[in-house]
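Several structures are given next for inspection.
After this come two complexes, each holding chain A, first together with chain B and then together with chain C.
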Partner chain A sequence: MSGARRWIAGAALVLCAGLATALTPPADSTYDEFLVGDGAAAAGRTLSASLTGATFARTVVSSDGDWRADGHWLIVELTASAPRSEVDAEVVLATLHVGGTVFQASERVPDTLAKRQLRVGTDTAGVLVFELPDDVTDGTAQVRLSTAYSTPQLDDVLVLSLPLDDLPAASLVELSEPMVGTR
Partner chain B sequence: MSWWRRQRLALAGLAVAAAAAVSVHVWFDVLPTTDDAGPVITASDGTAEVGGHRLSVEGVEWGEFSAPDGSTTLSVTLRAHSADEAELCGTFLLSEAPSGREWLDARGDVDVRTDDERSCRSGSGAYRILAVFLLPEDASGPFWLDAPIGSADVLRIRVDG
Partner chain C sequence: MRAGARRLVRALRDPSSIPLWIAAVAALAVAVPFVAFGGLDPATRAPLPRGTGDAVRTSLYEVTVLHAELTDKIEEQYLSADDGEDLLVVTAVIENLSDVPVGIVQTVDRVRSRLAGSSTPLIDLVGVEATSGPSAWRDESVAAVVLQPRVPAEVRIAWPVPEGSFPDGSVAIDVYDAVAQGGQVILSSSAITWQRTEPAARVTVRVDP
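Presenting the complex of A and B:
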């Protein structure tokens, strides 16, 4: 191989290495979640869910009246079920993404759909409740649901789109326990 | 002697190394792994003895309990005898053979009033186990009722819809 050809081959190899480096996805992408859906309903590997309503409220009260709290609350009503298996079929992590900020569903509110056993073929109706800063009142939010806590990896995460602009606002909302189907 | 001929040994080594790298990646990162759930013991005639328990299907009943619209209940009653040293049982699981859908006991969502056990217990001469599943109306079976017994065995009983 002549001297010129060696230089050309070397340059080509350097270019190939640069191209491979540029095209290689970041290491974290190996474990990223799969976002599924972008409307009012979505179905993934372990969860199916549909938004049925949403309300802002200044006060929420548990179904038995023993617990109440004031704040800027967003109560999201939805139905959920398990597409295939009831094993580990729960909404373990529910987050609200709005304006680049992520809020986790409140864990101090009783009677929510979070960590509730879901059924295959039968919807469970319930609510998820988010405690928000006072200025979160408009824009389009995303409700993301998954059966894995904290960091969903290599699994579906449901994405439900929720416009906040025209939501009704109530002074007080009394929560109901999740209900399986419509008896 | 050409460059390729002079470097044939190095090129062959490079090819072997590349093949090994791809194989290791596929082996560890691409091929799915399976959990060894242990032996599955099938009760072909509806009766089986596993881990100190003797279990047999006493009855299968649809719609025994009230269910939401679009759903129904499937109750499976087992007659059980368990030795003093019988192994612990896990959660019963009902699976639909054609679709692969799986249901857990739904007593938390169905109004069931009975003294029957939910799972097996040790040191009992004769008792009944009642498993109640909440199924959609399009579930028609046939079904498998899986009962994990001990740390390794799974007792599988066929349940016809």
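Presenting the complex of A and C:
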């Protein structure tokens, strides 16, 4: 092997080693959550849910009229149920992923589906409400649902995709309590 | 000696030393502005003095202190001061400039923002030792406050402090800059901690009794 070839082979090996290092997932990724579903409906180990609608609103009012707030709100309508067990069957962590930013269903809003007991075999229809900056109006968002307080390890997270581009925008949306059994 | 100096002058005037002159001028062109614009100043900087209603922007969040008052009871939050203590309630607008939701006192999902109520809080009372951990809430709060990315939120933070902590009628609050650090040793690499760095500003606010 001539001197030049030796150098080229050495450089190629170093590049390969760098590539292998870059492509190796981090050790912690063996504990990552499992993202389940990519359409309007998804079913996982602890939850199943489907999107039924979504609206932007400037003002949100609670069902009893006691609470109202202005802002840029996204109201996501969905139905959810428990696939196997009603123990701990509730949407606890609901996030909206859009353009690299993550929002959490607002803790300010009453009457939402968050932390409601879900039933096996019977859908509960309700809303999740997200408070967003004014410029979040387009693109495709993902609604991610799980039953844990923080993103679980080695467990399912439902992913529902929600195109924001053609959503209706209302000036005021009055919320209503979640309803069990809409089928 | 004089012969050496003469030889040096002759060498410097020689056409072959022109590259040396160009290099020297280039080095000066970099060095002079560097020094003139403060390149050799000490790296630490004093926190900027700020007052009521001034926004303090750090790399991860922005805070505007609106109001501070002393009280002994906040009924809707079931908070009350012990004997010999007061509650210092600070009203502020906080905007989360990161791209994930964070809490003020609590951890939200996998992010520990530690804005208040840790051993190294980002919003810290100066010269006053809170007797126990602070609470944070919004007007309608029933759950822990979550600051959504880029959505300013008006929040209240209450610290229990010894009575008579503010003899001059004002409180100073240090606002620290922070960096988001991933991968704490015990937690997984997906956990993020806001680690405080330099003080960004010292906000001085009148305390209403």
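Here is the rule we go by: the second predicted complex is superposed on the first by the 157 of 183 C-alpha atoms of A that agree within 3 Å, B and C clash if a C-alpha of one lies under 4 Å from a C-alpha of the other, contacts with A are read in each partner's own complex, and residues count from 1 in each chain.
As a convention for this text, a residue touches a chain if its C-beta (ideal position, glycine included) is under 8 Å from a C-beta of that chain, and two chains touch if they have at least 3 such contacts.
Every value quoted in this text rests on a predicted model; they were computed, and no experiment measured them.
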item	value
Superposition on chain A - do chain B and chain C clash or fit	fit
Touching partner for A:Gly3 - first (chain B), second (chain C), both, neither	neither
Chain B versus chain C as contact partner of A:Val120, first or second or both or neither	first
Contacts of A:Gly65 with chain B and chain C, given as first, second, both or neither	neither
Which of chain B and chain C A:Tyr31 touches, first, second, both or neither	second
Partner chain in contact with A:Leu132 - chain B first, chain C second, else both or neither	second
Partner chain in contact with A:Val87 - chain B first, chain C second, else both or neither	first
Between chain B and chain C, more extensive residue contact with chain A	C
First, second, both or neither for A:Ser106, with chain B first and chain C second	second
First, second, both or neither for A:Gln153, with chain B first and chain C second	second
Per-pair minimum CA distance [chain C against chain B, superposed on A] in Å	16
Chain C to chain A touching residues, read off their complex	99-101, 107-110, 138, 140-146, 148-151, 183, 188-190
Chain B contact footprint on chain A (complex, rising order)	1, 84-87, 117, 119-122, 180-183
Residues of chain B touching chain A in the complex	3, 66-71, 93, 100-104, 106, 108-109, 134-136, 138-139
Contacting residues of chain A [partner chain C, same complex]	26-28, 31-32, 67, 69, 71, 93, 95, 100-104, 106-108, 110, 130-133, 150-151, 153
